[in-house]
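Each of the next two complexes has chain A plus one more chain, namely chain B in the first and chain C in the second.
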Partner chain A sequence: MQINEHKQGDVTIVTIDDHLDTASAPQFEERLLGLVDAGALKILIDGAALAYVNSAGLKVFLMVAKKLEPLGGRMVISSLQPSVFMIFEMIGFTRIMKIVPTRDEALRELGAPPTATS
Partner chain B sequence: MHEGSITIHVAADVREIERLNQLVRRFGELHEVPSRTLYAVNLALDELVTNAVLYGFDDPQGRQITVRIAAAAGELVASVTDEGKHFNPLDAKVPDLAAPLAERDMGGLGIHLVRSLMDHVGYSRDDDKNVLTIRKHFR
Partner chain C sequence: MLVLAALHGFRRAVERTEARAEEMARYHAAKMDSALQHAQKIPEMMAAELETGRFDTTEKLEAWLRWIVETNPEVYGSCAAFRPRGFLPELAAYAPYVYRGDDGLRSEQLAKPEYNYFQWDWYRAPRDSGTALWSDPYFDEGGGNALMITYSVPFRKDGAFNGIVTIDIAITQLVEEITRIVVGREGYAFLVDRTGAFQAVPKAFPKPSAPLPADSPLLALTVEDGPGGGHARMPGPLWNRDSVVGFAPIAKGRLIAAFVSPTDEAFADAKGVMLQQLALGAAGLVLVFGAIVLVARSVARPIHELSAGAQKIAAGDLDLNIDGRGKIAEVVQLTEAFNKMTRDLRLRMEELRHTTTIKERLEGEMSAARNIQMSLLPKVFPAFPDRREFDVHAVVRPAREVGGDFYDFFLIDERRLCVLIGDVSGKGVPAALFMAVSKALIKANIMRGAPLATAVGYVNDELCEEADAGMFVTLLIAVLDTATGLLEYSNAGHLSPFLLGADGTVGPLDGAHAQALALSKKLPFSTATHQFAPGDSMFLFTDGVTEALSSAREFYTSERLQVILRDACAMPVQRMTRSVIQDVRAFASDQPQADDISVLAVRWLGAAEWTDEGTGTVAATQPLVRSLT
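For the complex of A and B:
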């Protein structure tokens, strides 16, 4: 699993790829909670390259969303592959998290201008 | 679909799960199991092996977990066996999927996925071993 991040305006865009599982979830957790601790309030997680997630990975999404809410922050997830989206739906996260089909929609949700090139 | 079965021994270490998933995928492809079925069974096995590694042993070092998978008559049947202490993950609290974000609990997510993805999930304690059995039908 690789995690990359960059800023676009006040939005922190995080991309993850491959497998988010029990072995890699601690790294993802540390990185994301670190961003929140450093003051990031608008986090966009682009899951286009994420092929697989298990409950350990799902818990990190829940942790981050729960941590951001009382701070007035927001996490938006975009571009999930159908098999991964199905897992988010199954666990009820589509009710409590904003999940949109594209990165541009996620940027709009977070009040940032869409990317010039997509 | 071709009939067949495989037994895989993995060390009680979460880093082994990706290797397990690769072996299961190869077995599934060889036996012409639909990829959706394979994905679901792999995720269920991941959750069950993770549970066994994290909660089944006081010290997982040097311990093993055995995974058996059989394909027959439109069904994949798999079992996860460990010699750890008595632990039935099916006793886990069912997560409240309707709870608002602030009240959503971290517990029970894995086993909820297993129950949702599989057609059958069972637990037994045999010969001081925990045995979890899952079944998934396919056409």
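For the complex of A and C:
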């Protein structure tokens, strides 16, 4: 799995691909919690290239959301493939997290201007 | 069959009597202990006062002793016994004793050649052990004419032992309160000391002069680890009737309270109950329900302690030992399993310190956690050999790394069967512990009797308090009314189970879908119902099945599961579960198993009915499964 990140205004955009599973979840966890520790309060996770997620990976999303909440931060997830979105929906994450279809919508949600080059 | 049913009823009656007798013993022992604990504070406070050294003359000290006895009505006498020259250098021995005489307080000096207090147990035992101790009970024939017990507390001066302060408590009233209790209709209570000598019996009986035999189970209590207690079947010691005796220690085992209930009374009760069952089945259910609510209430507190403990263990505190007090065998068992798990983990960790590679360390920890996790799942089948109306079977195939799968099934009452399957996010020891907590909380809340959706909501709220590090639990839970075949189920973020019709149809039961547990408090859960026809089954599974990977990196998928289930519809449930597991293994061939694989199948076979004529058998009134014939 590849994790890339860049800043757009005050939003940290993280892209992930391939499989987010038991093997790759620790790496993803370390990276994201590191971002929060470093002060990132607006995090956008773009899952356009994410093909599979299991419960170990889902756990990381919940950890980040719970960690951001008391800090006044926010996480928005965008562009999930249908098969991955179905898993998020089954677990009920769609009821406690903001999950939107596109990266632009996610940026709007986080109060940043949409970008033409996403 | 009627004989078997009657035997079963009698055995149950005896078990109930045992539980009741033990519970009474524990309750009254704890009550008396709390009165004694209150009295213990007096000499403990006195020892602290003596250590300040503010009593520097015999007049001051004796006036203070008198004041203590005068102002504490529960204290019969008190003594401050100093070590040789411990009070003043010129006093070789000094032990003023103040007690209640017929005409007010009396003082006596125990430091006298004919008594030589240094030789007595009440002085020597706490001196040698360095801790406060209760004495054996004794009958005081002097001023008190009462059953007494003495609490001795050592005190120090400049860090070294300097003497013992004692109080005598008359316990006649406390023990008489116990011996006045009538157990059931004809049972009684008595107290013995740790040698088995009778200290108090009900007024209607003469006090036996011979003690209980040394091998009596009442005398085998170990009290060092905390409040014990137990029950035994024996000829009642005050009469010649076979009895159930529940017992519990008082004052660290210096006294033992025993509650006796004759077994023939329990049998008579069982007979009555059987007759009543036929006539008053409905009223019986209400009573059972009430009892379950009471029992479930007393389950909740220890479960909370347990889950708090589990958090500490998960955080690495392996020295934790959870107090095993509790009246419910289930909870005591779980607590024991927990403590054993903690001990096992600790032992394992210690062993591992000596091993060299990190790989070995991790594998060891994993296999310990996996063993613990697996030991919590019910694995004895057939699980309900005397029930004809339903059949249930479950298999778990644990991954090499510990996963968080679990399942459970149990009767909520005679009529309703609860089955569930779940999956905790993540892996390793924390997931195994969180799984244990989840399983216990679910059962406790279901047994409490709230509607299913409400109970799941309670579990969710409680798990939210326990969850950290993004843990969550998916759960599919269902309650089957075994008399009508009505199934009620609730889905918390779990894969939909499959409904397998007796006619060979297979389809998902996809109602009542809510979010997983432990995501957020106060989220609503719902339930849906499905009416089973005789022979219908439900198949529950975890994502270890559908997400098993083949060597071509393909998932097993729920489509493939549906195909194999179509063939398995007609099989007995234990073959159904096994054939699915076999198919998943064949599919994955040599690929390592990444996640636990769990399946559970439950089938309704039609209502059973008590028949009151002829053979008196318990029979399925509806024809058995078509596919089985």
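Going forward, the second predicted complex is superposed on the first by the 117 of 118 C-alpha atoms of A that agree within 3 Å, B and C clash if a C-alpha of one lies under 4 Å from a C-alpha of the other, contacts with A are read in each partner's own complex, and residues count from 1 in each chain.
One rule holds for everything that comes next: a residue touches a chain if its C-beta (ideal position, glycine included) is under 8 Å from a C-beta of that chain, and two chains touch if they have at least 3 such contacts.
Worth saying up front: this structure is predicted, and the values here are computed from it rather than measured.
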Chain C versus chain B on the shared chain A, clash or fit after superposition:
clash
Of the two partners chain B and chain C, which one touches more residues belonging to chain A?
B
Between chain B (first) and chain C (second), which does A:Asp10 come into contact with in this model arrangement: first, second, both, or neither?
neither
With the two structures laid over each other on chain A, which partner does A:Glu30 touch: chain B (first), chain C (second), both, or neither?
neither
Quick check on the superposed pair: does A:Arg95 touch chain B, chain C, both, or neither? Answer first, second, both or neither.
both
Scan A:Asn54 for contacts with chain B and chain C and give back first, second, both or neither.
both
Which partner does A:Ser83 contact after superposing on A: first (chain B), second (chain C), both, neither?
first
What is the contact status of A:Asp21 with respect to chain B (first) and chain C (second): first, second, both, or neither?
both
On chain A, positions contacted by chain B and by chain C:
21-22, 54-56, 58-59, 62-63, 66, 90-92, 95-96
Provide the residue numbers of chain A that touch chain C in the complex, in ascending order.
21-22, 54-56, 58-64, 66, 90-93, 95-96
In the complex, chain B residues that touch chain A:
14-15, 17-18, 36, 39, 43, 46-47, 50, 53-54, 95, 97-98, 100-102, 104, 106, 109-110, 112-113, 116-117
Considering only the defined contacts, which chain A positions touch chain B in the complex?
19, 21-23, 52, 54-56, 58-59, 62-63, 65-66, 69-70, 83, 87, 90-92, 95-97
Parts of chain C lying in touch with chain A, wherever the complex brings them together
401, 404, 423-427, 469-472, 474, 492-495, 513-516, 519-520, 523, 543, 547, 594-595
